[in-house]
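Next up: the structures, one after another.
Shared between the two complexes below is chain A, which pairs with chain B and chain C, respectively.
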Partner chain A sequence: MDRRSFTVIIAAVVLRLVMFTAFPSLPDLLTNRVELSTPVTSFKRLQEGLFLYTHGLSPYDGGVFHQAPLLLAFFTTLPSNPIVVYLVYILSDVLSAYSLIQIATSGVSVSTPYHTSSRKSSAWPPWAVAAAFLFNPFSIATCIARPTIVFTNTAILTAVAKGVQGQGIAAVLALAMASYLSLYPVLLLPPMILLAYDNLPAVKKKKGRSLGSFAAVLASVFTVAAVGLGTLSWGITGGSWEFLASTYGVHLLLPDLTPNVGLWWYFFIEMFDSFREFFLCVFQLHLAIYLAGLCLRLRKQPLFVITTLLGISSIFKSYPSIGDTALYLSLLSLYRHIFPLMRYTFFVTSTLLYATLLGPAFYHLWIYAGSGNANFFYAITLVWSLAVTVLVSDAIFAVLRDEWETERPEMKGKEIVQI
Partner chain B sequence: MRLLSWPSITQLLLAPLVVGARASEYNDYSENLLLKSLPGNSILASFRFVSNGTFDSHHSVFPRSLAQILQQSQTKELHLKFTLGRWDAEQWGRQVWDGRTAGGTGVELWAWVEAADDSEADARWTTLNNALSGLFCASLNFIDSTRTIRPVMSFQPAGHHSPESLERLHLLHGTLPREPVCTENLTPFLKLLPCKGKAGISSLLDGHRLFDAQWQSMSIDVKPVCEESGKCQLQMEQTKPYAGGDSCFPLSGVTDLPWSLSEMFGRPIRGSCPLAVVPTEEATHVCVNIAEQRSIFVSQGSEERKKSPELRCFILHENLDFDIVLPELSPSTNILLTPPPVYASRSLTGHGQERGGIQAVLNNPSSNSTVEFVYLESLPWFMKPYLHTLSVTISVKANRNIVQDIYYRPALDRKRGTQLEVRLRVPPGETVLLNYEFEKAVLRYTEYPPDANRGFDIAPAIISILDPTSQKSTFSIRTTSLLLSLPTPDFSMPYNVIILTSTVMALAFGSIFNILVRRFVGADEVIGGSLISKIRGHIMAFAAKRRRVGGSKPKTE
Partner chain C sequence: MSILTSLRSTRILKLLPLVSALCILVGVAWLLLLPLDDYSRRTYISENALLPGQVHTYFGGSEQDVFRSYRHEVTALGKNASADGSGVMAEKIGGIFDAFGLKVGKQKFEYTAAGGVYAGENVYAVLQAPRGDATEALVLCAAWVNTEGELNESGVALVLALARYLKRWSLWSKDIIFLITSDSRAGPQAWVDAYHDLHAPPAVASLPLKSGAIQGVVVVDYPTSRGFESLHIVYDGINGQLPNLDLINTAVRIASGQMAIRTTLQEMWNHDNQYKDRLRTMLRGMVNQGLGHASGPHSSFIPYHIDAITLQAYGDGWHDEVTLGRTVESLFRSLNNLLEHFHQSFFFYLLMAERRFVSIGTYLPSAMLIAVNFTIAAIALWLKSGRQNTGEEEKSGDGRVSEEKRRLIESAGEAPSAAGQPVVVSEERLLLLSMAFVVAIHFLGFIPLYLFNNLDEKNFNSAFNIFTLLNIVLPSALCAIFTKSFAPTPLHFALIKCFSLLLLGMFLSALATLNFSLSFLIGVFSSPITFINPTPKRKWTVGTAWMILLQGLTPTTALVGVALYWGEPLSEILKEAAFGWRVWGMWTQVVVWCVWWPAWIIAGVQVAGSWAVEA
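After this line comes the complex of A and B, so read on.
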């Protein structure tokens, strides 16, 4: 880690500490924002779960707490001082940034064994990637609001950092942790295996390990880790499996319809009862459907597959928050070199800003002022989702064009069509 | 001038019903009415009917309709309350019969059901609710698992149960705070009485006037009562307290307004009920608890028994109408009030439709004795309290021993509601503030009632005063119900939302797969690359084909 990266991290830690301490009401204010805290990540619900857990009541026998049991065990060991909690969240962000620096240093985003971008010179240095994550207002707000998505993001970034270093087992272990915390990272397993395989040290690869056997090993390690975490949770909750229905069941079946930035809540408020199960299946399958296509088409760049899948799930998962989008944006900053190939950057930037500013305003009009109705906030979530969708697809376009231009350098800067 | 102001309070008590004994052997049925003046020119009329009987008797005054329901659902003790209005404890003091006969606003039902396990108890509870719903024309069948709780500290059985059967008894409690109590509930209530409202004091219970009261409660309590010999009967107590008044301006303190039974209830008492026990010196039909200096005029044929200067009782003649008339008295008499053991009020705090808080103010008016009680809250599942925000504060110094015990059962979405029981000890003269925060859930659009923006009724909190030695409930108080407004979706939008959301998803799917599955080529490398040239090419080809076809075939027309 060079000095610049170090400076960036120190500055980010100081900024967060100042935000926590100079504005004492800010953490609780942000915790109550639906854009930052969802029913499955909210810090206030975590506190309620902790309270019930320490008083001998099962937090999973209730409709408030839907987070993983290990979080309970972890937070009960912490001293109850709020500063400690702040430091834990800041540390988590620092670890994320450190992973991003490792990823950027490895250069996997510009050069993989099968593809080297012709624009690699314009990629951002590691410290700039870390700064794009640490000083992104979405990341800062997420850290201050203390949702547990922060830990999921750290686990995902750690997994990716291990993956680009070719440490497949460590990568899937971290990914198992992320999936354990919030289920949807399980979709990242195939591209993660590809990423780790591509970046295996040359010595190991020479031993003739095929992708198939490598994938089988990693998939079984992942399964064992996930089962191990589940069993550990079973022990923590006093030998009961009811946490499964109350955590992953909530991700899958959406019993809590609290508004968030995603598309599910209003859709399932307004859904006819007889079609509810059908559309739940459709929405869950919709998330998984991109996996195979992306892995095949972008086989040369599995890191970008991971990035894109994170972007897609930040729009279409059951309880998305700004923290998911912040993770996607921070990984996208590794692809600075393809930004010139994107076609709708102005549209996306302005739409995201529009939604960010109008979202809280419209929510206030609906919930507090009473001068607007639910459609106001719903419309903003539509705009937000649309903007991120356009960004995701535009980034795919740019990366594919970049690959194509490597094959045909003479087409650089020329008009193209797709057939 | 009809500036009558008589907030009158009626209490109906349907007394123990003993099943299984021959009618002549027991004093199977008794009824009495207590009229009591309250401050503010209000009258409390408390009706009490007690019937005894067994299940298998064919000559019992215990209504068979109810006995069959109890037998079918294996219910050993039943308490059903219909309440309307608010008992103003600050103005009227403590409730009659220790508040045992009054329920919370709406309908409240609790019962001890005999069952081997919880699921069997639930099934029998559902049977009981559905049957009572039909019997009393009330929406009791809407007491489902989300409105049912199993209180652990607040209620104790009032009847005699053997220790073996007590182990098998399950207490279930349900509330319907929104249920409007009306004439249709009164008629079945009267049907349970032997004289069915045709004679006796129940003839006063006329639906036209009764529901004008400021507060009224109708309660049915059935419990087993055993003699020394071990012979058990079922006792049914039916009560109806009623506080009414139509004061246009506060007249209290100036004059005691005149009133009469026939003016208050629209009719006099139509003689005594011949099926009731023969009145004795103790068991009289009608008693009036009023200041000594107020004169009372009664109709002919009744006998007066003066039990104390302030309590004058009357025995009715079987075939003669009975009426009581009290003339105006000025200046007004002073009525000594007995304060209740606890003054309780509860309100919602916060604003907005996202979250809120509850504040209960509990005051011990006594100057020398500590009061211990259980505060029971039964909340619907869509109101999600945060127990870690529960705070109990006392007006003066911090006393750590206020909260004795807490029982909490959190809500499960769409399955059960929250149950919170807090046992508190309040020192004399102190006020305790009980606060907690909650979050409001957003419901599916089909789960909202037709008038969604009116809000949702939250059942009254139940405060059971405990006896310091036996730890049994001796007095109960209900707070008012609350109106909780939830965020509402736009009910006219289901199709629009489905279409718009699906469009965004289709757009994502379409654009991403469009990019993934197609190849890149340079714009100048495509033959007929642009769309226009493609279309032109198609038209030209089509035209050429036409020409060829037209040239080779002869004209047909």
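After this line comes the complex of A and C, so read on.
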């Protein structure tokens, strides 16, 4: 890590500490924002679960707490001083930034064994990528609001950092942790295996390990790790499997319809009960459907497959929050070299900003002023999702175009039409 | 890329400033059209349960004698100089309520704002509904002293007489709370905060007695002992929030239909229901809404999603307290009918006569168009800056129109990649510096915000004068510092303006959904900003002319304008603003200092750039 990265991290830590301490009401204010805290990540609900847990009751009684049992075990070992909690979250962000620095240093975003971008030189240096994550207002707000998505993001970024270094087992273990915390990262397993395989040290590759056997090993490691974590949780919650239904069941079946930035809550409020199961299946399958196509089409750049899948799940998963989008944006900053090929950057930026302002305004009109209704807020979440969708598809376009121009340098700067 | 290049190559780019201007013109013209019959609508009762004026009212007869005796007591209590601290008032009024057999509560409060102390004691009584379960309540309120500082003698006496009278009816399905606040500004706020447990306990006491969710509030303001001529309905809430239109309609219908009292709005005492008067009523309403201050004791209730109005007796006429009492009685009978919280009718409207209004769908486009004009200008600048970038390079080759130019424009989207590393870095620096400048100026707005909310009232005049003087030279000074330390190019200035306009457009369109009038007024005041550009090639006169125009449109000028409009000294306005910030939670200042003022400063920097930047 060079000096600039170090400076960036120090500055970010100081900024977060100042935000936590200089504005004492800010953390609680942000914790109550539905855009930042969802039923499956909220810090307030975590406290509720902790209270029940430390008083010898099942934390999943009452249907408020939907987070992984290991978080309970972790937070009960912490001293109850709020400063310690702040520091844990700041440390988590620092680890994420450190992983991003590792990823950027490896240069996997610009050059893989199968593809080297012709725009390689314009990628951002590692410190800039770290800064893009640490000083992103969405990341800062997420850190201050203390949802547990912060830990998931750290686990995902650690997995990717291990993946680009070719440490398949470590990557898959970190990914198992992320999936354990919030289920949907399990979708990243195939591209993660590809990423780790592509970046295996040359010595190991010479031994003639095929992708098939490598994938089989990693997949079984992942399964063992997931089962291990599950068993550990079983032990923590006093030998009950209740937590499965209350955590992953909630992700899958959407019993809590608290509004969030996603598209599910309103849809399932309006839904007649007889169609609910059908559309739950459709919505869940929809998330998984991109996996195979992206892995095949973007086989040359598995890191970009991971980035795109994170972007897609930040729109379409059951309880998305701003923290998911912040993770996508920070990974996207690794792809600075393709920004000039993107067509709608100004549109996306201004739409995201508009939605950021109008979202709280409409939520206020709906919940506090009582002069608006749920449609107001839902309309803005649609706009938000539209902006992220355009960004994701525009980034895919730019990456494909970049690949194409590398294959055919003579087509640079020419207009292309998709038929 | 294809869209951008096609936009750049067509003439749309040149038309965009024209579109901006058109947006402003249409936005303003739209507003001016609203009072016409074709664009506004007659009001109507939307909630059928209200049934306004369908009941016979019985207040009168011997109740009038009761009222008069209470008025004597109130007048006597008001004359007693020691009673103005309201401790005696609360004691005495509480005793009267107690004599009716009502449960009585008292609440002390004390606020400090701008060095002044606002203290008093509220007293209230709860009439428990014979047919209800204490889950819902209505409030009948009178302030001991009204907004003008007069003793509200008949108003308070009427509440007392009505408390005695309404208690005899067995038909109430909602609790009725009779509330006498010791003043019109801080008292109601302290009471409603404490009712919802959102008060700051040491300064504002908790309520000893509570009832259910408040469904409606009627405030009576009748400061004389003479007859009155018309009923003035005040409805603006804090931060421009409004009560449900059904409540106003019900009051208007009962007063004018059932009781034959003329009703007026927005201090338009003579309203001929023609275009001019309608427009004036609407604009007065918009100014009140835009300033976001409390226009009466009812205003404090509205942020809690409680619909509230003040009924003010105005003028000398032949209506007496019995008519007003029967109006209130009928109004409460209607409110008593409510099956659920007011929700049927409009929450966003502009009233232009007591029976004519426009709803949000009709008027919102005017503010949105003005906000959109800034966004369009920002997009135009963004597209143009991409073009200028390539234009710069071309100019170095003596600006010859050649194939080279076409090539450059074609590759405009990929200029960085084609030209390699150096251009990328400079482009990022360009964006970063401009963005940092805009953000820094916006944070600068917190300084006046903090200053004017925390200074002592004695220093307001001098502080304001110093600030106004500083404000005049600030843009030029900032521009000088900026050019000295960063050597910005015209492109920097264009991008700074682009980001500033983008932010302004965004803030104003978000604001238009919360407080239409404030957004519209600030939009109109800052509309010249769209057309300000650094004019390096032209003479300094153009810059000076712009600067003079800008100086006429600063937030400080607007403050002076508000002071003139109200006919009060400037320090009073600033005191009111600081009081509003502390007590009412009014955020008009935040919008002025953190949205409007930064945009103005950046426009000033643009103009000052005319002198600083070499062509």
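FYI, the second predicted complex is superposed on the first by the 419 of 419 C-alpha atoms of A that agree within 3 Å, B and C clash if a C-alpha of one lies under 4 Å from a C-alpha of the other, contacts with A are read in each partner's own complex, and residues count from 1 in each chain.
Everything that follows uses one rule, which is that contacts are C-beta pairs under 8 Å (C-beta built on N, C-alpha and C of every residue); 3 or more make two chains touch, one makes a residue touch a chain.
A quick note: this is a predicted structure, and the numbers were derived from the prediction, not measured.
A.B. asks: Contact-wise, after the overlay, does A:V224 reach chain B, chain C, both or neither (first, second, both, neither)?
C.D. replies: neither
A.B. asks: Regarding the shared-chain residue A:Y368, is it in contact with chain B (first), chain C (second), both, or neither?
C.D. replies: In the superposition, A:Y368 contacts both chain B and chain C.
A.B. asks: Considering only the touch criterion stated at the top, classify A:E415 as touching first (chain B), second (chain C), both, or neither.
C.D. replies: A:E415 contacts both chain B and chain C.
A.B. asks: Is A:F268 in contact with chain B, with chain C, with both, or with neither (first, second, both, neither)?
C.D. replies: The answer is first: A:F268 touches chain B but not chain C.
A.B. asks: Which holds for A:A288: it touches chain B only (first), chain C only (second), both, or neither?
C.D. replies: Touch partners of A:A288: none, neither chain B nor chain C.
A.B. asks: In the overlaid three-chain picture, which partner chain does A:L57 touch, first (chain B) or second (chain C), both, or neither?
C.D. replies: Once the two structures are laid over each other on A, A:L57 reaches chain B alone.
A.B. asks: Touch check for A:A216: first (chain B), second (chain C), both, or neither?
C.D. replies: neither
A.B. asks: Which partner, once the models are overlaid, touches more of chain A's residues, chain C or chain B?
C.D. replies: Comparing touch counts on chain A for chain B and chain C gives B.
A.B. asks: Is A:L400 in contact with chain B, with chain C, with both, or with neither (first, second, both, neither)?
C.D. replies: First partner only, chain B.
A.B. asks: Do chain B and chain C land on any of the same chain A residues, and which?
C.D. replies: 368, 370, 415.
A.B. asks: Which bits of chain A are touching chain C when the two form their complex?
C.D. replies: 118-119, 121-122, 337, 340-341, 343, 346, 350, 353-354, 357-358, 361-362, 364-365, 368-372, 376, 412-413, 415
A.B. asks: Under the touch definition given earlier, write down the residues of chain C that touch chain A in their complex.
C.D. replies: Contact set of chain C toward chain A: 1-4, 241, 303, 305, 341, 343, 347-348, 375, 378-379, 382, 410-411, 413-418, 420-421, 424, 502, 506-507, 509-511, 513-514.
A.B. asks: Inside the complex, what are the residues of chain A that reach chain B?
C.D. replies: Touch list, chain A to chain B: 32, 34, 44, 47-48, 50-52, 57, 61-64, 255-259, 263, 265-273, 286, 289-290, 293-294, 297, 312, 315-316, 366-368, 370, 373-375, 378, 382, 385-386, 389-390, 392-393, 396-397, 400-401, 404, 411, 414-419.
A.B. asks: Quick check on the complex: what are the chain B residues that touch chain A?
C.D. replies: Against chain A, chain B makes touches at 351-355, 381, 384, 386-388, 408, 410-414, 439, 441-446, 487-490, 493-494, 497-498, 500-501, 504-505, 507-509, 511-524, 526, 529.
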